[in-house]
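Please find the structures below.
Same chain, two partners: chain A is paired with chain B first, then with chain C.
Up next is the complex of A and B:
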């Protein structure tokens, strides 16, 4: 009976003689995903909602008063926050720098230079060092009388011996340089892996056609690893936007005179050092929005790659 | 002494305290007379928990406290004390959380003035003046830092002074017979020292603390009382006037006369102190502990200490800079307030304050310790300054947000080449931001300022 009914139901264009009772959907599969859902809700969604909610309140964690968009108004009137955003945008300029440098180093290493394995390890080493250690090292190296300036003076270039961390005009760029130094190795490894995965036939064909090394890199290799480059650029943009707190904290503590503060540092200081929970949450919302824009750009790029109609 | 971790946490205290502020604070009746009769617990029979912090200021403090507890328990077998050393980063946060639920230690520790008073305003502290007699407190130094509404809320255990230290040989090399006593003499000394090829003042202000010390050392000198500063912080008085922030002009003068080491903006406070400690500068400000360390490397006979040169014309210009740093207090929820107070009072016995000094080398906040232990002229000079009455550490009176965004940042503005006007604007903007962003804190602070 069941077989007949199923057959009738399966007949194209046909309709079953008697409506088949709908079988209740089993609930037990949901048990398997429940822990993951709970983790997502409590670890991500709830904090996210809390951050957005608290951004409309002022006061302390113990006593919050609704202030509407007051925190956002205060944020954008606060010169320290404006400086922080500007500094994050300045740090975005390090992304093309580290991308170009990483591509160049990866291309050279891919060309089979002697001692390539050593150089690859040497370039990658900073990436696996703890950011706090890097910050401490550079905070000494970049002092006015630190290693860098002593070296410059020793070779007669004392005119370039600036106060890299103590000058309001230079501090954020010094932070950016350290970030480039640290992240470069990651870029090299990523790009090198992409280059090594390319089919050698295409490169060989180009070489046989007389293409120069430069032409092979720019016309053969780069187009093929475009997706990897896009991935790296977006990832690094998010990194310099929302993952540079350690560098700023250790290298400059946001100074001098808040000149090297970034949004993360602003959030930390507002929320934890000064007890302005609402302001910190509002700043976090702004940071989240900016990171969201970058993620959206990346998703758009990925979709375009996957769907030729979007190209 | 304020340091960055404390700054971070102070805000939380001030904020959290406001929850219960008002209701409890107003219920405390100012009184000079001890009211121990209101407490009926047996002081000789109790189990006490003590949340303790001091090791960072005074290495050896934890071992000293353990030995004192052992001795106390031997003396009073009915009393058991559990010592729980606290971490710097969580000192305020942990206690604030305990205060919310009215459970936790019988004896707590916070830093002096705002951190202690905030907990008092929140109703988390039983005033020690209600549990002790005036005679018992008569030898305590700087108890005024934790005094409000006629009550003493915390027990000072040790004190830290910040004199101007000078290298006798380097001053002599520049033809300077005695340390500068006035600001003009300081400027003149800078010129002489520079001419002799010596860096006049060593310091580090990358973290802003050199500037914060400058605020405490010079910023108070045009004030007659700290109340004037409180009124300026809440906006009643004009914070931008030279009375409150004119010292940035003096700081800029020192910078322009090349009084500071050329890398002051890129060194932290500790790194900057090493400039003096290594004999590379003629003068520097340092805590008593820092000076003890400098004496080990330079020789105690090579170092002298003096008050900060006089710059201002207010009454506080003649007052020294000392703070008790951390303070102990009896919590309001303790079931054994008399037992806790008895233990804290016992720590001030002459034998105990003397053993503290032996163990840590940091001056106890008590005049009764054995002065014969001070073996060098340097230490005696330090003590002569540190024990001066009515000392004020002005930074203790700034809300953490104003201290961080204003005080520290404004000082950095000067050492990194900015103008006094920019520094003042930074300070004033920080105070204005605090007033608009922290209404609950402002309410508690304003009530305090009005008393």
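Up next is the complex of A and C:
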């Protein structure tokens, strides 16, 4: 903190005619942050307060009646909402899969494989492409007679040709698979960057002691990038909990018969397709509470890492 | 790359990476190939290689559908919201890094927390607001909302970068009589070109790819963004997969090309939210 305070003294602003050590706080920072504060209040704080308040009301957008916790009761009695939460929890299972896969790929790339730059680019590419466009591609690819199943049949594995998006038991897992497909490259790039920043001396010393490749990865590298792994896990948990609307909307539209609905989809559906504004607000509050726990963990990690930078 | 051990791991490593590359690029290749086939050719064998290549699906996607209009809308919304949010965030990040004011850490902490708030939670109150000010079906509604949503990440990223600028440089500017705005413009900004480019790149892609908000706020067919427009086609062209995928490719190609030219910015920006 001290360095920042010193830097602040050195900053412009304030009148030059105040030689005292304790200068009045200059005004300019408040002017500089004013637009940002306006954006945050309008874009985040106002809607957050509003959604919490409105979750205790039912009716239409224009006419709301106070119903206490009535919306929440209805919500948890609604089997579709329970399915939606369960599906978000199922999607959480993709996080360890993604993490382990990404770590493995990053470790291999880090070990200096020929063509590493190409592989990294190829694996990362899906991550930045629009989920809506990619989702359309997968919705055709995963059709019962789509590209994937026809390929499986062609190589004699027709028994594996399931109705990926059309079967109530499979649909959410297919959504999860597309999420993994798209997010994996992000993990690879993040972990590779962390591995590349490690001091070479430690690895060298372990190698001198005769440690195997596997042992170096698990005992030397993994503990050192633990912080990055924690970040990734929390970020991806937030992602599958609250940022998968596009996948569900494009791939399955929550179907068949709501079996692949997630909380975001439920909020959209009840709020905008069915006009149950009270339910949508209550569901949004539930999602906010769940995401809030993860966001709090994320902030803790972030600030813990940030402290040395703040100095 | 520092080599841990070559040999056995190299061979198995190559196999793993090759398999993964196939999985990563396979579905994209399927999309691209299908978009270049005729409907009947695709129906005969969805997984096979295209019989005769045709551009007809792209021509249809561009002329029969308002795809170009949607793409233009997407571009306007993304470019405007990125410009506005980056400008707002630059001022705030400069004040947070070099200024002294009450609530500095609250503003920074709040920004970090807001990065991860799910937009769907904010959607209903924002919709009511946009209805009240009669901006629904107007690109401005989405542009305004995006501009706000992009501010927290930009603040966080720029503060992290500004902290690496030596305080002596600013002191020198102050000695020369520069005020805060001049210090920002003539000392900090010239050093921050790469960082600003990174923020802009990451946020531009986010805005271009966004679906939920534009789907809700822009319901008039001609006012849609490309992603919201594409989502309309889903139900409409279920039996014309090649056309559907040609339209999808038109949303993917600009991003892929952009990625090719700015890979570094992407990687830097996207890894900034995580480790150090």
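The definition used in the following text is that the second predicted complex is superposed on the first by the 264 of 311 C-alpha atoms of A that agree within 3 Å, B and C clash if a C-alpha of one lies under 4 Å from a C-alpha of the other, contacts with A are read in each partner's own complex, and residues count from 1 in each chain.
Everything that follows uses one rule, which is that a residue touches a chain if its C-beta (ideal position, glycine included) is under 8 Å from a C-beta of that chain, and two chains touch if they have at least 3 such contacts.
Keep in mind it's a predicted model, so treat the numbers as computed, not measured.
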item	value
Which superposed partner A:145 touches (first chain B, second chain C, both, neither)	both
Touched partner set for A:288, first chain B, second chain C, both or neither	second
Touching partner for A:173 - first (chain B), second (chain C), both, neither	neither
Greater chain A contact set [chain C / chain B]	C
Contacts of A:272 with chain B and chain C, given as first, second, both or neither	both
Chain B versus chain C as contact partner of A:79, first or second or both or neither	first
Chain B and chain C footprints on chain A, overlapping residues	61, 143, 145-146, 253, 272
Interface residues, chain A side, partner chain B - complex	58-63, 65, 74, 78-80, 142-146, 163-168, 252-253, 255-259, 269, 272-276, 278-279
Residues of chain C defined as touching chain A within the complex	1-6, 9-10, 13-14, 16-17, 20-21, 23-25, 27-28, 30-31, 34, 45-48, 85, 87-89, 91-92, 94-102, 104, 107, 109-114, 116-118, 120-128, 131, 145, 147-149, 151-152, 155, 160, 163, 167, 170-171, 173-174, 178-183, 205, 208-209, 211-212, 215-216, 226-227, 230-231, 233-234, 241, 244-245, 247-249, 251-252, 255-256, 259, 263, 266-267, 270-271, 273-276
Touch list for chain B against partner chain A, complex	4, 7-9, 11-12, 14-16, 18-19, 100, 205-208, 262-267, 271, 400-401, 404-405, 408-410, 412-413, 415-418, 422-423, 426, 429, 433-434, 436-441
Interfacial residue positions of chain A with respect to chain C in the complex	3-13, 25-26, 28-30, 32-33, 35-37, 39-40, 42-44, 46-48, 50-51, 54, 61, 104-105, 108-116, 118-119, 121-134, 136-141, 143, 145-151, 154, 181, 184-186, 189-190, 193-194, 196-197, 200, 203, 207, 212-213, 216-217, 225, 227-228, 231-232, 235, 238, 241-243, 245-246, 249-250, 253, 263-264, 267-268, 271-272, 277, 280-281, 284-285, 287-288, 291, 294-295, 298-299, 302-303, 305, 309
